[in-house]
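Look at the two complexes coming up: chain A is in both, with chain B in one and chain C in the other.
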Partner chain A sequence: MNAPFFKFGYFGEETSLIVAFIIGIGFGFFLERAGFGSGRKLAAQFYLTDLTVFKVMFTAIVTAMVGLFWLSVFGIVDLSLVYVSQTYLVPQIVGGLILGVGFVVGGYCPGTSCVAASTGKYDGMMYLVGIITGIVVFGEAFPLLKDFYSATPMGKITIPELVGVSYGLVVFLAILMALGGFVGAEWVEKKFATKVKGVGQ
Partner chain B sequence: MKKIQLSLNQKLALILGILGFLAAFAGSPYTGNTATMNVKELALLVEKQTDHVSVEELADWIIKGRADHRLIDVRSVKEYEEYYIPTAENIPVASLFDAGLQRNEKLILYSEGGIHAAQAWFLLKAQRYNNSYILKDGLAEWKDRILFPSPAENASPEERSAFEKRKTVSAFFGGTPQTGTADTKTTAQIAMPKLDMPSASAASGSAPKKKKKEGC
Partner chain C sequence: MSTLSEAIEVNEVEEQTLPKVEQNAQPFWNPYLAGTGLGLVLLAAFVIMGRGLGASGAFSSLVSVGMQAVAPEHTSANGFFTEYLGDGTHNPLKDWLVFEVIGVIVGGFISGILAHRVKGSIEKGPRISSGRRLLLAFLGGGIMGFGAKLARGCTSGQALTGGALLGVGSWAFMLAVFAGGYAVAYFFRRQWT
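Moving on to the complex of A and B:
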């Protein structure tokens, strides 16, 4: 068997929806177990008293990266078939900023708001209402935003291609960055936990 | 010497660091143009003839307008421009892997007789395009049986009624059924039908293909 399974036709479109559902539930479950169903925990990230979000997310990124890299080196995953979304530099930076502001103000990101809502938290539910309203407004306003939406297209690019270094070297550098980040995060947490009392946990 | 005690997190970090360090020297993760294949499995496929699509099946699918496959003409551009089976797109063998074929779509290959299509099929199978098929006996068979069908001599009533059916299929593709006697067959000017059927490239403008949604 070779991955990606869907691209190799091991299952059809209907089955892929079921697979997506199962993976989605799994994702939500582990977000909840990491404590991300609580807006306080997520907001603590921005007070620098609890950097769990940073640590969990960076762990997920490097785990997926190392897994994909080694599985494809051994020929189990065909990396050329793994979907890479297109880069539109300026609109994506603006989109990232909007998401960041929403995260700070609302205390959730889209995925964690679903987790919070499903565990019965009212703020999570309100956040979901906001997301859906935002989607509707964006959809209706799309004709006006269309030009900006597709501005500065760069196509499907990856860092190794862009910089012209080997794929494995980028993997190594990203891991060094992650390990450095984990050590730094622990240090920052200690420093700020003593300074700011009563915020966070 | 004091034994160093590592916490679970530190152990995991160490493993990550080692995997990352080795990755820097592991070469490219993309497989590229080389392939390994299961020859036994391919040989069985050939023997069972499950890799074939007959011209009648294909004609039926085109008439019904089925869009669950891509018909690929692996002949040269010049030959393609002279005549192609309706809905076919032209991808010569050498450019097979630059054409953006997807491994999860059904690919039907044809060439003049079938040899080139079979070779292209082999290459695709080696690159794990598992849903590839060959049009049996290629364009030659398409001409014989679909465009210019001729009734068997001393045909039975069943064969005659079957031939009537084939006449309508032939007419659909702009062919001319042959009357059957030996002299008309040799003297009749067999002209290839004009291409007024849409090709894949012409049709793509008016009927956009359903784009698969991917990503988050």
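Moving on to the complex of A and C:
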């Protein structure tokens, strides 16, 4: 068995769209299960009272990362055929900072706002209108932003390639980091939950 | 016989009242369980398609098609929109991310219905009016849309997907998202707490 299946021509473009729809259903299902249809729950990440965003995100990252690592070790997945997006360091950092602000102001990110809207949250629907507006503004400003958008290109580079260590070692360190993060997150939640209670009483 | 029919009657009454009790929203899943599910979906995307998940890209396709319908000449001259429109040989909405995002909407709805969480409401803290919250939701979406395009992806495409693939830009992006959020959280506390 050779994976990624699509890259080995096991099915065509038309079928890939059905796959996209089904994978999307899974994505939306688990986002909603985690509570990510709720802007309040998402925003609580930034007030340290509920760190579900961190926990879910890093559990998902570790799960997919470890799964992909072992599948490539056993020769099932050809990692070179999995699409890694190009790094443009400075615009990505600036974009990330802007996005973080948008997260706190709006309460969602694009994926979670879809789930919020489909479960009846009016603020989620407004957020979607906002995203579309923001993309129109970016597109219109694109001629001015073009140079910065393409600044500091580093190509398709991964952390193991950048640091010059093995893929497996970085996977291992990322797992340790996530586990440490989970312990820390549970501790922070407990601390801030009692603090909030204390203020309330 | 009479006791049996009475028992059935009682049962029927109970069955009628039961759904009302169940209509209360169920608690969310344990975050580690939901995160594992999400990770397996992402892994499935890698294995089946050789690509990860995304969200903002679908909106870029939608915007580009809309812009072209409204102002074709103006849009054709813009390198950002044309990237999503392609060379005109195929429909830009017949796109992997567009179909995936339609799935996200459906999947979220299915999960919400099953857990009795689909309800017209506004997510906000107790100290802000609904009107102001909706305005901030619109503004936040706008900021997010702009930032996601500059970063070449959002929390799905960059943080989640690029994070699992150990991309350098994706990890820098992810840290920046948290930094940006924590930097301004204090100023928007009245909206959420």
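Remarks
As a working rule, the second predicted complex is superposed on the first by the 196 of 201 C-alpha atoms of A that agree within 3 Å, B and C clash if a C-alpha of one lies under 4 Å from a C-alpha of the other, contacts with A are read in each partner's own complex, and residues count from 1 in each chain.
In this section, a contact is a pair of C-beta atoms (placed from the backbone, for glycine too) under 8 Å apart; a residue touches a chain by one contact, two chains touch by 3 or more.
Predicted model only: the values in this text are computed from it and were never measured.
In the superposed model, A:Ala64 lies in contact with chain C only, and not with chain B. Look at A:Thr87: by the touch rule set out above, it reaches chain C but stays clear of chain B. Once the two structures are overlaid, the count of chain A residues touched is higher for C than for its counterpart among chain B and chain C. Of the two partner chains placed by the overlay, only chain B lies in contact with A:Phe172; chain C stays clear of it. In the superposition on chain A, A:Gly106 makes contact with chain C only, while chain B stays out of contact range. When the two complexes are overlaid on their common chain A, residue A:Lys7 makes contact with chain B and with chain C alike.
Applying the stated contact rule after C-alpha superposition, one finds that A:Gly180 touches neither chain B nor chain C.
Residues 6-7, 62, 68, 81, 83, 85, 167, 171, 174, 182 of chain A are contacted both by chain B in one complex and by chain C in the other.
Interface residues of chain C facing chain A in the complex, by the touch rule stated above, are 28-29, 31-32, 34-53, 55-56, 59-60, 62-64, 67, 78-81, 94, 96-112, 115, 117-125, 130, 133-185, 188-189, 191-193. Here chain B touches chain A in the complex through residues 13, 16-17, 19-21, 23-31, 36, 102-104, 128, 130-131, 214-216, going by the rule given at the top.
Residue ranges of chain A in contact with chain B, taken from their complex: 2, 6-9, 62, 66, 68-70, 72-73, 75, 78-81, 83, 85, 166-169, 171-172, 174-176, 178-179, 182. For chain A in complex with chain C, the residues that touch the partner chain are 3-7, 16-35, 37-41, 43-47, 49, 52, 55-65, 67-68, 71, 76-77, 81-89, 91-124, 126-140, 142-143, 145-146, 148-149, 154, 156-160, 162, 167, 170-171, 174, 182.
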